[in-house]
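Across the two complexes that follow, subunit A remains constant while its partner is subunit B and subsequently subunit C.
Presenting the complex of A and B:
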């Protein structure tokens, strides 16, 4: 049923439809309204879940981990400082292979303090072993969260999942979101319980692993994360069959036929870039767009297959890895290395809520087109919009 | 070389190390209580980091499933009723020197 929902409301409805059993969260702006909405569902009886009141984000994730180890479907929300505070526990959850699902409402990290969107908070956790989705609109927030539970719980994966969407641009902006029927979600998302904790059979969990085995555990974890890309594609196809909404695989292309210069980005900027690409095409430019939906595991194979024959790639990053550049640009370059000599132009933009509009993306496209025609070697990265 | 097969969730039986198939024991010594000397002050119960010592029917006993063999109980016992005894034969060299 179509409703007018902001991103936070869409996330709360996803939790309700997924019949989450434990919600452990600590309030933080701009993610807190998800928690408020879910507690409203619990109060009015449309969701039967335990809401665990905690004293910090670190404790929130520890509680979600414990609940998951006991076999419950666990969900939580956070962003920016809260996600950074959770960092230690993020590694425990992935190392213990628990399918906790978390909505991350991307917000810039202090200092200086900011309330506004960018992807730096999630990018900082790129090595934590979590699957990371980035969503371009509120419908995708709902659909990705539902897919996230199934993906994390899949026997071949068994890993935690972050579903990222941007503060305010998505969290506080209403769009039409189609809510699937509960019956459809129930058939798509049967609860898979794998309790580790058992009072009748005490077990030491997360014990010390000696040098003889630690590395092997990490190998298996890495293999599971790599498998998640293909499993995500498969799950999306099943979901598309049920709902009619197909978000593609780990990446999805837009107007790539005959494209020479391809913009690559993720999150809300994807929607902006679609409009920019349409405008550029109307002006006779051979522009295309590649949306990265899954940042972890990074879709190296798809990136190669799509970009190796184009003339230039423009990576648009709403994050800065200090002294290294944009995370997306770095991954794309690594993926193409040894396969194609395609120049990758890297732009850092939109940090801390600085607005990026269609005109900006068209201006960047023209800059790259002119630099390429002049035979300029791409800079490691450049800041746009200062 | 292929990676070792391991349980998906890193875990182990109490008192053992998460060493996969090997399940190697980490305890090198165990506490033995002289019930004649013990005056039931219970200090060992409070000091034990793993709550491995319990009071059972008027006696302090050690749950070896949880004891790591750290020896804190023996150090803290005011009446010297606890002795740490090596788990391995001395020819393995664990506790020599």
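Presenting the complex of A and C:
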């Protein structure tokens, strides 16, 4: 049933529909409203869950991990400073193969102090072993969160999942969001318990691992993350069958037919890029868009398949890996290496909430088109909007 | 509930078995063995970075006969809070949830999560096994290391007194609070028996010497633990909803010097320092006994 919801409200409803059992979360701007809304659901009786009112973000994930290991479906919300603070716990959760789901309301990392959106916080945790979704709009936030529970809990995966959406642009902006029926969600998300801390079957979890075993654990973890892409595609298809909404697999294309210069991006910028591509096409440009939905595991096969025949790729990164450039650009170049010599133009933009609008993307497109015509090799990365 | 009043009544089952990796006469291992006699097999234990977290086994071996999780250093009480929330939502009510930490995981790096859990009145038992130093990383000084103790990072003696964790935890108004000593196993076991039956946040602080860190002989672990109590330096009491009851009172206190002189870590203490400590112990003993 369609409602006007902001991204935070959409996330809260997803947690409710998923019947999360333990919420352990610490407030942080602009994510806190999600937890507040969930506690309202609990108080009014529309969600039966225990809220652990932890005293820090680091403890939030520790408590969520404890709950997951003891067999409960657990959930939390954070971003930027909180996400960075709980960083070491992220590695515990993924290394212990616990399917905790976390909504990350992307925000720039201090210093300087910022409250505003960009993807740097999530990118900083790209090696933590979590599945990472980036959502284009509030509907996708809700749908991706529901899919995240099933994906993380899948036997073939058993990994934690981060669902990213941007602070303010998405968290605080209302859009029409259709809420699936509770019955539909229940059939999509049956509760499966796999406690590892269980008095009926005592196990010692996280003993000291010598060089003889550690690396093998990491191999299996890596294999699981690699499998997650295919399982995500499968789950999306099932969800599409139940709700009529198909978000595609790890990537989805827009007007790629005959496209010569393709914009590639994640998150809210995808919506902006759709409008820009339409405008460019109207002006006779052979523009296209590739949306990256799943950043981890990065969809190398899909990237190669979709981009190997285009003339140029423009990677739009709302993040910066200092001295190295944008994370998307790096992943795309790695994916194409040895398969296709497609030039990848890398743009750093929108950091710390600096606005990026349709005209900006069209200007970038034209810049790339001109640079191509001049025969220049793409710079490692360029800044836009300084 | 029938309190165990003699060693003959102590259950034989070991929930932390022999073959563990602790040093001979490890005070930590003794403490956990004693506690588990009271807590029994329906117990989930989470232990942050510490000797105790590692001596239970490595790779695919374990001495634990109960569910055990080696938690991140700061997190044991937070993890325990999450475990309890999960058990509650599943309707599982008869399992003890224990966060068992050393002094660092309790008073220092673990303090944030401890104070949070205590304030929330989490239905868990937090146990501090206290050897008064950061033994797992080599014995460096922490906030509960005694004044003038020599450690690898305070080679001239620790310049500040020990932080009073019992007062700090009492200020959280826990449902149950107790001190214990491995040299008084029946007292310790009874306290765990009582704690087990109480709902809410329970805090038990056990003095558990480490011969290595304290500079004593291996075979002196229990003897020195006993001297701490017999000198009045370590008081044995419990508080139920803030009401204190002394559970053991030495008939005649021995001088603290008898306790201190056995330990290499106190070699920087001169007569004046010993006298000051004696005066401090005398004062506190009077306060508590009255």
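Quick note on the criterion: the second predicted complex is superposed on the first by the 383 of 386 C-alpha atoms of A that agree within 3 Å, B and C clash if a C-alpha of one lies under 4 Å from a C-alpha of the other, contacts with A are read in each partner's own complex, and residues count from 1 in each chain.
Rule of thumb we're sticking to: a contact is a pair of C-beta atoms (placed from the backbone, for glycine too) under 8 Å apart; a residue touches a chain by one contact, two chains touch by 3 or more.
This structure is a prediction, so every number in the text was calculated from the model and none was measured.
Novice: With subunit A superposed, do subunit B and subunit C clash or fit?
Specialist: On the shared subunit A, the partners clash.
Novice: Which partner chains sit in contact with A:71 here, subunit B, subunit C, both or neither? Use first/second/both/neither.
Specialist: second
Novice: Just to be sure I read the superposition right, which of the two partners does A:62 touch: subunit B = first, subunit C = second, or both, or neither?
Specialist: After superposing on A, A:62 lies in contact with subunit C but is clear of subunit B.
Novice: Let me test your reading of the model: by the given contact rule, A:204 touches which partner, first (subunit B), second (subunit C), both or neither?
Specialist: So A:204 meets both subunit B and subunit C here.
Novice: Between subunit B and subunit C, whom does A:352 touch in the aligned arrangement: first, second, both, or neither?
Specialist: In the superposition, A:352 contacts neither subunit B nor subunit C.
Novice: After lining up the shared chain so the two structures overlap, which partner does A:27 touch, if you call subunit B first and subunit C second: first, second, both or neither?
Specialist: Neither: A:27 stays clear of subunit B and subunit C.
Novice: Who does A:220 touch here: subunit B (first), subunit C (second), both, or neither?
Specialist: A:220 contacts subunit B only, not subunit C.
Novice: Could you say whether A:54 touches subunit B, subunit C, both of them, or neither, answering first, second, both or neither?
Specialist: Second partner only.
Novice: Once chain A of both complexes is superposed, is A:88 in touch with subunit B (first), subunit C (second), both, or neither?
Specialist: In the superposition, A:88 touches subunit C alone.
Novice: Compare subunit B and subunit C by how many residues of subunit A each one touches, and report the one with more.
Specialist: Here the partner covering more residues of subunit A is C.
Novice: Flag for me the stretch of subunit C that overlaps subunit B after superposition; candidates: 151-159, 205-213 or 259-267.
Specialist: That would be 205-213, the one stretch with clashes.
Novice: Subunit A residues touched by both subunit B and subunit C?
Specialist: Overlap of subunit B and subunit C footprints on subunit A: residues 69, 196, 202-210, 212-213.
Novice: Which residues of subunit C touch subunit A once you look at their complex with the stated criterion?
Specialist: These residues of subunit C touch subunit A: 41-44, 46, 54, 56-62, 64-72, 74-75, 78-83, 85-90, 95, 112-113, 115-116, 119-120.
Novice: Which residues, counting only subunit B, touch subunit A once they are in their complex?
Specialist: Those in contact with subunit A are residues 3-4, 6, 8-20, 22, 24, 26, 65.
Novice: In the complex of these two chains, what residues of subunit A are touching subunit C?
Specialist: It is residues 21-22, 24, 48-50, 52-56, 58-60, 62-72, 74, 88-89, 92, 193, 195-199, 202-210, 212-213 of subunit A that touch subunit C.
Novice: For subunit A, which residues are in contact with subunit B within the complex?
Specialist: 69, 95-98, 158, 196, 202-210, 212-213, 216-217, 219-220
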